[in-house]
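Following are the structures in question.
In what follows, chain A forms one complex with chain B and a second complex with chain C.
Presenting the complex of A and B:
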């Protein structure tokens, strides 16, 4: 267990370092860019105003409100303090709601949509990829090009096509929103049914994309393992095929878990876009609203939250990986 | 070198991908030579015109007439005005009015129209009919008038002085014009978009810009990734630690989030296509760095590299002559993937409304964004978004096929 503790601490310190850097980037990047975000906001607010001193007063008020009139290091510590208290300021486009409030109402939708979708897509994709490697022949010949095509299909394209087929043409599922627009979120059968039927299209559009990429990866890993020496040796020993396959896929699976950890960031990006297409009330849709409304605090907070979510997911996967893969324990024990 | 090329072109997957890609490139370069219209010119007044051949109605009046006696022309003319649901609606009205249902045969146009003409009365009160429905019947009745008429239509023009209508000519029902002889005919194979632009012309221009964005982003990402990977892998030690620190950082910080943050910070006015490409390139070098580093580490202690070191060659010389040739195939594959993911990244950004400035050039992502904003997918205007999706999918699919093909050539374990 000693070795695993070391591994855990190592991963934990990495998680913290990345977190600090992500936080720093989230703070610095917007401030490095040409153009003054406050000036942009003021120019929008003061549209059509010809009174220069009036515009100046508005600018100063906003600068005070956003704290941009203070030196940068002071701003940074204020920012840390505020974020720690969950205070991201006011949303500009949805004033007088606070950014915290906007994000709180959307984050659960995103987690409930993306987490299961990515896991299900990963599981199905790996199973299909392993089957393709094992069965070869016709199954492989069909599955591979289809997977390549599907995994290269843009995420929003898949969403749009599913929507047009099942939402607009067949009218099986609703085309937008997280629940019926005539309902109020509450704990009732009607509401839950509505949520489930709204859930289907975004969910499957994310799953389908994930399946393609994972199937390709798993197939090549499994082919590589199937040709390994230990497989041949086991065959000579007369071990049953079924048992060998169990070993092969356990070994082929390990890199796929790392793959999941590495690609979770990309997947979340695609899933955010799927949310936008279906107007699903999650973080992706919030970002879109932020972009449309030039809502600086909202965008910055949303990207920070997504980064933290991805980092945490990565951390969890790596912790699990350490438990699953015996080699890691062995390496740390040396 | 020659041998490698021959081997590469023997791979079926690569050849298929390569052919699709070259075909797209050819279309992108040749189409503008044939149709030199500016891609963003607004030609249509109105949104989402259906694909088809648009013949100028005014010019076709003046074009020379040919009489063709074609069977079924009258039936087609009626069918285009009297649809199946109209027939059913007519029957409903007649039944409600008190005609026996058995007497009405909705397939028999002549009889149906006859019954209708005899019985229909716009003022008649039919029980339980809404006002909207009543108005629908009035409209239907107007459009039916003269449906079975066989007289020629008269063309009249206003006399400039008296303002009275004067007969200029007649068009019989059996007269045709030759499309080739009408002065103004516009072929819109993919109709027009929400702004009234020719979708095909726009799409070709957009594909070109998107490919350029992909290339710029891919080359930037590959150059950064290659340089960092070579340095980290070959020099090792402290340099490796620092580079890998940043690489690991940016692997877990989602690049899509970075893209959103940077693109939003740059602001709409400063976001040209080139800027977007640069931003994409600067946020996607991580994978290449990791891959190149891994390859270089496996090469670093090979005999020929050690020999080169002993001969006193400089680091630059060794990297260029003893390392690069061995990873060249890998770098090309990475570049191909970077280009295709760059095109996808641009499209994703544009969907969010963070794409290039909209006024000067179309990109595939922007076209998609416009179609979505104007709800082309809900309205069933497939020509505004489906060709765009297919184009994106074909470009990325062809590049990934090439990549898989190359992978199989250079990585024997994957061969079938």
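Presenting the complex of A and C:
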């Protein structure tokens, strides 16, 4: 177990180093954008005011509130302290809402949309890919070109196609929003039905693209493994085909698990396109608004969430891999 | 003439590969052979002459692209070539006939501990065996064969090449098969590991852990040291069979002659023999030539060779060769160079 401890500590230290750098960039990059977001709020608040010193006073008040009057390194240390306490401050573009409040109201939409879509796409894709490798013949000949075709659609293209076909032409599903604009969120049948029908188009636009990519990857891994020497040997030792398929898919699955964990990690960033096209009230849409409004606190907080999710997903994969695949443990321990 | 019990008898076995484009390649063409209990047979030949395919075909268990065409494989009198594949798998494979693949280094599933695979193998044939029993059986066998029992709890990646090879051999003989087919089991190993592997085969025979051995290799000196008889294959057919000594020092068929001439065996009398390669390459088995398949490359070829179907002829004590020339004609030709 000593080798594994070393492996674990090694991976943990890389995790921490990467986190520190990512944290720093999350803070600095939004603030390098040209323009003054505080001025934008002030001009909104001070509309119609003719008193220059009054406007100046309002500006200073907001600058103090957001901390933009201080030098950037001071802002950074204040930011660290605040983040450590879980306080991300006020959103600039949606003032007076706090960043926490903005994220809280949108993150569940993203998770509820992305997580099932990724899992469903992954499961269907891998099953189809494995079947194509095992059955070969006609099934493979149809599935592969279709998968390649579908997986090469850009995400927005798929979203627009679904929207045009099922939203505009057939009018089966609504084309934008997370629920009917005339409803307020509550636990009622009407609201839930509305949510479900709004859910369909963004959901399937993500699933379809994921299926193609996963099927292609799984198929080639499974074909490679099916032709491995250990398969031939196991067959000649009288092992049942069903059991051999078990060996093969376990081995072919390993790289696919990485793909799954990574897409769960990049879920929030990956949500951007589908959410924007369908004006879905999730985190991706919030990030877009944050960027448009130069909302430093909001951008930093959302990118921090993405950073943490991606890094944790990677870290978890590496740790799991070390347990599942003895080859990796052996290669990394020394 | 040996009076031993015949343990493996193959009659006119023909198998073919069907390619993606539907063409047939007859890689094993009417092959007949016999191996007696306690004996070993070596199979020699160039790459692509059908040695490995013969090994696969003898198992009686076919999967694409290899297909069974005709002929019989009898193990201890039981014909396995007509059996349903699932019965072959349950009753024959591993138990009656076992196989050691060419790339035994990669023959173990990389994500499975050795003992887990052994459990899977034994449970095919002995459904009720408990893990405890299986472990004890495997440990006893491994120790008998000079392998540490700790190997059982390891993953293949944690074993050296030679150790992996010997582990695979040990797994293959777990159920004391009557016939063990080893396809180039030592070609990927260094000389020291090779020697250990060879010693292991000797021990398997001497201890009666296997009934008989078929050893396939392109390394003739190895065959001479390991096996009782040697069979030479060319283009899917047997071209000569003789006892090991005769096959190496007194080959009859011009192909065997050429093959033996192209190696160095540190034995008396061979010191002054010049090394010679056989010119050309084996024929394409999609369209095997009519007449003698070796005609294209043979020094002694006559027009008749290219048109006549050449059958195996048997001379004393089961020695056979496939050539239109008689034994004396061949010896005379070799005398004159």
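Points to keep in mind about this one:
Please note the rule applied: the second predicted complex is superposed on the first by the 239 of 334 C-alpha atoms of A that agree within 3 Å, B and C clash if a C-alpha of one lies under 4 Å from a C-alpha of the other, contacts with A are read in each partner's own complex, and residues count from 1 in each chain.
Here is the rule we use: a contact is a pair of C-beta atoms (placed from the backbone, for glycine too) under 8 Å apart; a residue touches a chain by one contact, two chains touch by 3 or more.
What you are looking at is a predicted structure, and each value in this text was computed from that prediction instead of being measured.
Using the contact criterion defined above for the overlaid structures, shared-chain residue A:240 touches chain C, although it does not reach chain B. When the shared chain is aligned, chain C comes close enough to touch A:250, but chain B does not. Once the two complexes are overlaid on the shared chain, A:324 sits against chain C while remaining clear of chain B.
Of the two partners chain B and chain C, more chain A residues are in touch with B.
By the touch criterion stated above, A:230 is placed in contact with chain C alone, chain B being left untouched. When the shared chain is aligned, chain B comes close enough to touch A:29, but chain C does not.
Once the two complexes are overlaid on the shared chain, A:187 sits clear of chain B and of chain C alike.
When both complexes are aligned on chain A by C-alpha atoms, no chain A residue touches chain B in the first and chain C in the second.
Interface residues of chain A facing chain B in the complex, by the touch rule stated above, are 14, 17-18, 21-22, 25-26, 29-30, 32-35, 37, 40, 136, 148-149, 151-157, 160-161, 163-164, 168, 175, 220, 223-224, 227, 262, 265-266, 268-270, 272-273, 276-277, 287-288, 291-292, 296, 299-300, 303, 306-307, 310-311, 314. The residues of chain C lying in touch with chain A in their complex are 59, 61, 63, 89-90, 92-95, 98-99, 101-104, 106-112, 117, 120-121, 124-125, 155, 157-158, 168, 171-172. Only residues 228-230, 232-240, 243, 247, 250-251, 254, 324-327, 330 of chain A touch chain C when the two sit together in their complex. Those residues of chain B lying in contact with chain A across their complex are 248-249, 251-258, 260-262, 264-267, 270, 340, 344, 347-348, 351-354, 368, 372, 377-378, 380, 382, 385, 389, 392-393, 396-397, 399-401, 404, 413-414, 416.
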